[in-house]
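In the two assemblies presented below, subunit A is common to both, partnered first by subunit B and then by subunit C.
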Partner chain A sequence: MFLWCQKKIKNNFLTIFRSPLMRATLALIFVFLIGVIFNAHGAFFRWDTHRDMFRHISVFAILACGMTIVIITAGIDLSVGSVLGFSAVLFSLLTIQRGLNPILALFLVFLAGLGCGLISGALVARFKIQPFIATLAMMVFARGLAKWISGGKKISTAILDSSGVYRYVEPPQIFNLLNSKIFNGNLAVVTIIFLFCALISSLILGKLRLGRYFYAVGGNEEAARLSGVPVAQTKLIAYGLSGLFSAVAGICQAAQEMQGDPEAGLTYELTAIAIVVIGGTSLAGGRGSLGLTIVGALTIGYLEKILSLNAIGEASRLMLTGAIIIGAVLFQRARK
Partner chain B sequence: MKDRKNFLLMILVSGASVLFILLSSCKAGKEEASRAKAAKKVVRPQFIIGLSQCNLGEPWRVQMNLDIKNEADKHPELKVIFKDAQNDSLRQQAQIEEFINAGVDLIIVSPKEAAPLTAPVAAAYERGIPVIVLDRRVLGEKYTCFIGADNKKIGYAAGRWIVQRLKGQGKVVELKGLMTSTPGQDRHTGFREAIKGSNIEVIFEADMKWLEPEARKEMESALARFPKIDLVYAHNDPGAHGAYLAAKAAGREKEIIFVGIDALPHEGQIYVRQGILEASFEYPTGGKEAILFALEILQGKPVPKEVVLPSKYFTRMNIDQGGESIEKLLGPQYAEYLSAVANLMVLEHLKLNFRNLILAQ
Partner chain C sequence: MLEMQGITKSFSGVQVLHEVDFDLKEGEIHALAGENGAGKTTLIKILCGVHSDYQGKIKFKGETVHFRSPQEAAKKGIVAIHQELSLVNSLSVIDNIFLGREIRRRPGFIDYRAESQKASAILKNFGLEINLNETTGIYPYSIRQMIEVAKALAQEAKVIIMDEPTSALNQAEVDHLFSLMVNLKKKGCSLIYISHRLEEIFQISDRITVLRDGRKIGTEITSKLAPETLIRWMVGREITQQFPPYFRCLGQEKLRVDHLFIPDPTGLKRWIIEDVSFSLHQGEILGFAGLQGSGKSELFHGLFGSFGREIKGEIYLDGQPFSVRSPGQSIKKGIVLLTNDRQRTGLIPSIDVIKNITIASLRKYSPRGWIDPQAERQTAQKYVNKLQIKLQSLDQEVQTLSGGNQQKIILARWLGTEPQVLLLDEPTLGIDVGAKYDIYCLMNEWKAQGLAIALITSELPELLAVADRFLVLHRGRIVAEFSHEEATQEKILQAAMGGREETKIFY
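Here is the complex of A and B:
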C-alpha cells in the first residue's frame, strides 16, 4: 500500500517535471536564485528592480508574442526588429511632427506593421519563398524604409524649421502615457501592454480554431492541407500578426525613447527568438505555447538584470549569456 | 502554376525597383537643377571628389556627410560623389579602387579600420590622387592629410569640467561606449586621468555600447543600487539621454547632473538647450574642414600632414554664443599628462630599438 502510494506520487511528480512549462520554470528559478545570491547589496530585493526589469523586457516580449506564433507554424520572422524601427519612426513622425490625432496615428502604424507582416506572409505562403529568406528581405527593406522616411535622422521633439532654426514641441500626451507607470508607480504601462498582447495571442493559440490551424500547419503541413486546413491563409495571418505585434513594440519603443530612431530594434529579432527558444517552443514547429514564451522572457530579463546590477564586464556578460542559453535549452531537451 | 506565380513576382519586384530608381534619380536631377538655378550662372564642376564613408548608420557620420555636402554646395566647381561602405572594410577597399579607376581628382575617406584601408589609400596616393583621411587613421605616411579630433583630450576636458562642477568630490556613474572601439577607450582614459587626485569616485560603470536603450537599462541598475548619485558621465549624448529618462522614471532626475559627448546640432546641443544635459562636449566631424583643405590641395597649395580639430563644449550658459573652446578647461595638468605619455612612448621606442639591436647581434 505504502509502496503503491509512493510510486503514484513519484509518477505524478515525474509527469509534472516532464511538462515543458515546469522545465522552463525551473530554469527561471535557477536564474532567480543566482539573483538572490548575487543581490548587489540588496538591490535585487527591491520591487523597483523587478519593475524596471519588466519594463525593459516588455518590448522584446511583445516581439516574442508574434514570433511564437510564427515559430509554431514552423517559420521564422527575422524582420521584427526592423519593422519595430520603422513603426517607431512612423509613429514619431505622425504624432510629434505632423501632430496627428494619436488614435488615428496608432491605427495607421498598426496598419503599416500589419502590411509589412502580410507582405512577408504572402512571400512565404503564396510564392513559397523560404521564411528565412523572405523575412530577411523584409528585414533589410523595412530598415531602409525607416531610414528613408526619417531622412536618416532621429525624429525627436526638436523640429527643424525651413529657416534652419530648431523649434521645440512638448512630447505628445500619448508618449507620456505609454512611458508612465500605474498602480502607484509599481508597474510600467508597457508591461501592461505586453500582458495584453500575451493574453490575445494565448487566446488565439489556445481557444480559436485559427490557433489549432497554426499548430497543424507547423506540425505537418501536408497532413494539415489534406485535412482541409487553409495552409496559405494560416501562414499569411501568422506573419501578419507578427508584423502587427512589431508595430505595437515599435510604438512602445518610441514612447520610451521619446523619439523615433531609425536604428531602433537592431538585432532585437535575435533576442525575441532567444526568448521563444529558451521558453521551450520548438523551432521545428507544431509545439510550444505562449506561457513558455512568458517564462522565457522572464528568464532572459532576469539574467540581463542580474548581470547589469552586479556591473559585470561586457566580455563575461556575453560568455555567461551564451552559456546559460545553451544550458537552458539542453535542460529543456533532457526528457528521458 | 508555380512558375507563373514566380514570374509574376519577378516582374512586380523588378518593375517596382526600376520605378523607384527612376523616381529617385529624377528627384536628384531636380535638386541639382534648382541648385544651379540658385547659383544663377551654371558652373560646370572642375573637380570631382570621391567620398567613402565607413558607416552611415551612425548619426554622427550622417552629420559628417551633411557638413561635407553643405560646404561643397558653396563651391560650384566641386562635385562630390558619396559612397557608404555600410561598416564593411572590404566594401570600403573596393570603393577606393572604384574612385581610382574612375579617375577622381581627390579622395576623402573616413576609414572603418586602419589596416585594411592602408594599401588602397597608398595606391591612390602613389597614383598622384590626393587623399584626405578623416577621423580614423590609416597606417604609414602614404596619404596627403589627416583630419581628426582627439578623443582623449575631450574625455580629459570633460573630466576637468566635472571636477570643477562637483567642487572636487562626488559620486559619478560612467556609461561607457563600446570599449572595444578606440573612441570608447580614449574617452574613458582621458576622463579617468582628469579626475585623478580629486575625491570624485566612480561608483558604477557599464558598457552601454553607444545605445540609448542599453544606457537606460544600466542606469536603472545604478539607481537601484545607489541611493545617492551626483553625476552621470556618458560617452555619447544618446547614452546620457537614456540615463536621464531612467532617472526621470525614478523621480531622481533633479538631483543628478548629466554630461554627454558629441554635441551634434540636432541631438546633444538640443538636450543642453532643453536642460536635459548640463554639458555636452563636441566631437567635431571635420566635414567642413575636409572640403576647405581639399580646395587648397586642388589649387596646388601646401597643407599640413596632420590637422587636430579644435573642440568646443556647450552648457546652458554658453550655447547661445555657440559654445566655448575646451582648451581653457585643460589647465597645466594636461601638459604634464601629455609629456608623461610622450616620455612613456619614447621609453617604449627605446626599448624596442634596444631589443632590435640585441636581436641583430
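Here is the complex of A and C:
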C-alpha cells in the first residue's frame, strides 16, 4: 500500500515534471532561491531590486518575443540586435534632431524594423538562404545602416551647432514618457511595453491561424506544405514580426539611454536567443511557447541581478552565466 | 562458401522469417526474389550484421559466425550495398573509398599515394575513369554506385550484397553494372542480387532463391527455372488477409488527365511521367500499379501540386479545365494526397493530435484568423470517432501512436477538408492487418459516397481486391489497363516489368 502510494505520487510528480513549462519554472525557482540565500544584506528583498531587474531585462525580452516566433518556425534571427540599434538611432534622429511628431516617428521606425525583418524573411522564404546566413547578413547590414544615418556618432540631446558649439535641447516628451515609472514608481513603462509585446505574440502563437502555421512549418515543413500551409508567407511574416519587435525594443532602448547610439544592441541577439533557449523552446523548431520565453527572461534577468548584487566581478559573472546556460539546457533535455 | 541455416527472426512478436535456409557458392551471382514484405531485406540485414538477434546458424568459409554489426561483417568480407548509398557526397572519391580504413604511414597522416594506387587499380578494372580527387556528389547515381562497389572491394569484400541496385539506373547503366558484376564473379567474388525486375534476374543470375511471407519457397538454377514458375512462386500465396466485399457504384467522370508530362523532381533532365492520360470517376477506385521508379508516386504528387506548375498537360475537374498550382490550391478544389511516407511528409510531430488533424482545414475553424478551439476540437473528435482512432487524449503527441492510428490521423486530416478526389499513395504501408482492414472498409465507404479515389499500393492482392480498374505504369508510361474482372497478379506483374521499349526522352 505504501509502495503503491509512493509510486503514484512519483508518477504524478513525473508528469508535472515533464511539462516544459514546469521545468523552466523549476530552473527559475532555483535561481530565485539562490537570490534569497545570497540576498546581499537584504537587497534582494526590496521591490526596487526586482523593478530594476524587470526594467533591465525588458528590452531583451521584447527581442526574445520575436525570436521565439522565428525559432518556432525552425529559424533563427541574428539581426535583432542590429535592427534595435538602427531603430534607436532612427528614432532619436527623427524626434530629437528633426523634431518630428512622435506618433509619426514611432510609425516610421516600426515600418523600418518591419522592413528589415521582411527582407531577412524574403531571403529565407523566397531565396531559400539558410536563416543563419540571411540574418547574419542583415545583422551586418543594419549595423551599417545605423552608422550611416547617424554619421557614426551618438544622436543625443547635445546638438552640434553650425558655429561649432554644442547646444542642449530638451529631450522630447516621448523619451520621458517611455523612461518613466508608473504605480508610484513601482513599475517601469518599458516593462509594460514588454508585457504588451508578450501578450500580442502569445495571442498570435496560441490563438491565431498564423500561429498554428508557425508551429506546423517548424515541426515538419514538407508536411505543412503538402497540407496547404503557405510556407513562404508564414516564414516571411515570422521574420517581419521579429523585425517589428526589434524596432519596439530599439525605441525603448533609445528612451532609456536618452540617445540613439549606433552601437546599441551589440550582442543582444545572443541574449535574446539565450532567453528563448533557457525557457525550453527547442532550436529544432515546432515546439515552445511565449510563456517559456517569459520564464527564460526572468531566469536570465534574476541571474544577472543576483550576480551583480553580490558584487561578483564581470569576468566571473560572464563565466557563470555561460555555465548556467549550459546547465539549464541540459536540465531541459533530461526529460527525453 | 556461405551457408545460412534455419534463420528465424521476429519483430515485436511478428515472425518475419521462418526457418530460412540460404547458401552461396564462390563466384556465383545468386538472386533473391520475392514480393514486398517477403523477408528479403530482413534476411540480408541479418547476414550483414544489422540485425544480430536471430535464431539459426550462419557459416562462412566453414566457420560459424554471428555478426553484431555491419563493421564486423565487413571485416570478414561481407558488404551490402543498399539503394541509399552510404557515401559522403561532400568528400572526394578517394576519401570515400577508404573512409574509416584509411591507409596510414604515420598515425594521423593519410598515405594518399598508396591509396590512389590501390583505388586506380580497382577502378581500372571497372573501366571507370574518374578523377579520384573530385567531390563525390558531382557524379550521377550510377557512378556513385560504382564508387560504392569500389569501396567494398577496397575492403577486400568476398560477398557483395546488392539490394535493388538497378531501380534508379537507365538501360545503359544497367548493362554497365552487369558487366561489372560478371567481372567480379570471374575474380571469385560472390554476389547476392535483390531485384523486382524479373528480366534482369534471368539475365544476370546463376541461381535464384524465392522467399514468400518469410519462408523459403525454393532455390533453382536460373536456366532451369521458367519465368512463369518464378512468378507463381513469388505471388502464389493463399490470401490470408480479409478484404471487404467488392461492389460497383461507378458515377460520373470526375477527373480527366490528358497527355500529362511531369519532369523528374530530383533534377535529372527527363520526364518521370510521360504522356499519361486517364480518367477517374466518382465512386471509383482506380488502382495504379508499377515498380519502384515507375513514376506512380510522382504522378500523384504532380496532380496534387507538390511540384507547382512544373507539370505539362491538361487536367479537367468536373469537365472544367484545372491548372495545378500548389497543394493549397488543389485542396481548395477538393483534391487531396496521402503521401507514402507519413513520417517525412505527413505527420507534424511537434503538435498534438487535434492540430495534426485540422492543419489542412484550419481556415474553416478560423474564418477571421482566430481559431475557434471548440469547433476545432469537435471536428477532430468527430473524425477520431468516425475512423475509430485509438488514443488516450486528443492532446496527445502523434509520435506516441501506432502506425495504423497515425495513418488514420492523416486520413482524418484529409477528410476534414471535405475532398472529392482522394489520391492515396500506399495508405496501408507499415500498418498492422487490423488497421489495414479498417482502411479498406473506409475506402469502400468513401467510394459509396461518390468520392473518386486513386490508389497506389505495392501489395498486389490488396490492390486486386479493392480497385475497380487498374492502370499499370512502366518507366513513366501507362503500359496496360485491366478491369476488376480481368486483372490477375500475374498479368499486372508482367505488364509492370514488361514494356520492352526503354526509350528515355530527354528534353
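Operating definition for what follows: the second predicted complex is superposed on the first by the 325 of 336 C-alpha atoms of A that agree within 3 Å, B and C clash if a C-alpha of one lies under 4 Å from a C-alpha of the other, contacts with A are read in each partner's own complex, and residues count from 1 in each chain.
Note that a contact is a pair of C-beta atoms (placed from the backbone, for glycine too) under 8 Å apart; a residue touches a chain by one contact, two chains touch by 3 or more.
Just so it is clear, the structure is predicted and the values come from calculations on it, not from any experiment.
Taking subunit A as the reference chain, the count of touched residues is higher for B when subunit B and subunit C are set side by side. By the document's definition of touching, neither partner reaches A:98: not subunit B, not subunit C.
Of the two partner chains, subunit C is the only one that A:227 touches; subunit B does not reach it. Contacts of A:216 after superposition: subunit C is touched, whereas subunit B is not reached. The part of subunit B that touches subunit A in the complex is made up of residues 2, 5-6, 9, 56-57, 59, 62, 179, 204-207, 209, 212-213, 216-218, 220-221, 223-225, 242, 245-246, 249-250, 266-267, 270, 273-274. Those residues of subunit C that touch subunit A in the complex are listed here as 304, 306, 326-328, 331-332, 337, 339, 344-351, 355, 359-360, 362-363, 366, 369-371, 413, 417. Note for the complex: subunit A touches subunit B at residues 40-41, 43, 46, 48-49, 52, 55-56, 123, 126-128, 152-154, 156-158, 160, 166, 168, 179, 181, 253, 256-258, 261, 263-264, 304-305, 308-309, 311, 313-314. The touching residues of subunit A, when paired with subunit C in their complex, are 207-210, 212-213, 215-216, 218-220, 222-230, 282, 285-287.
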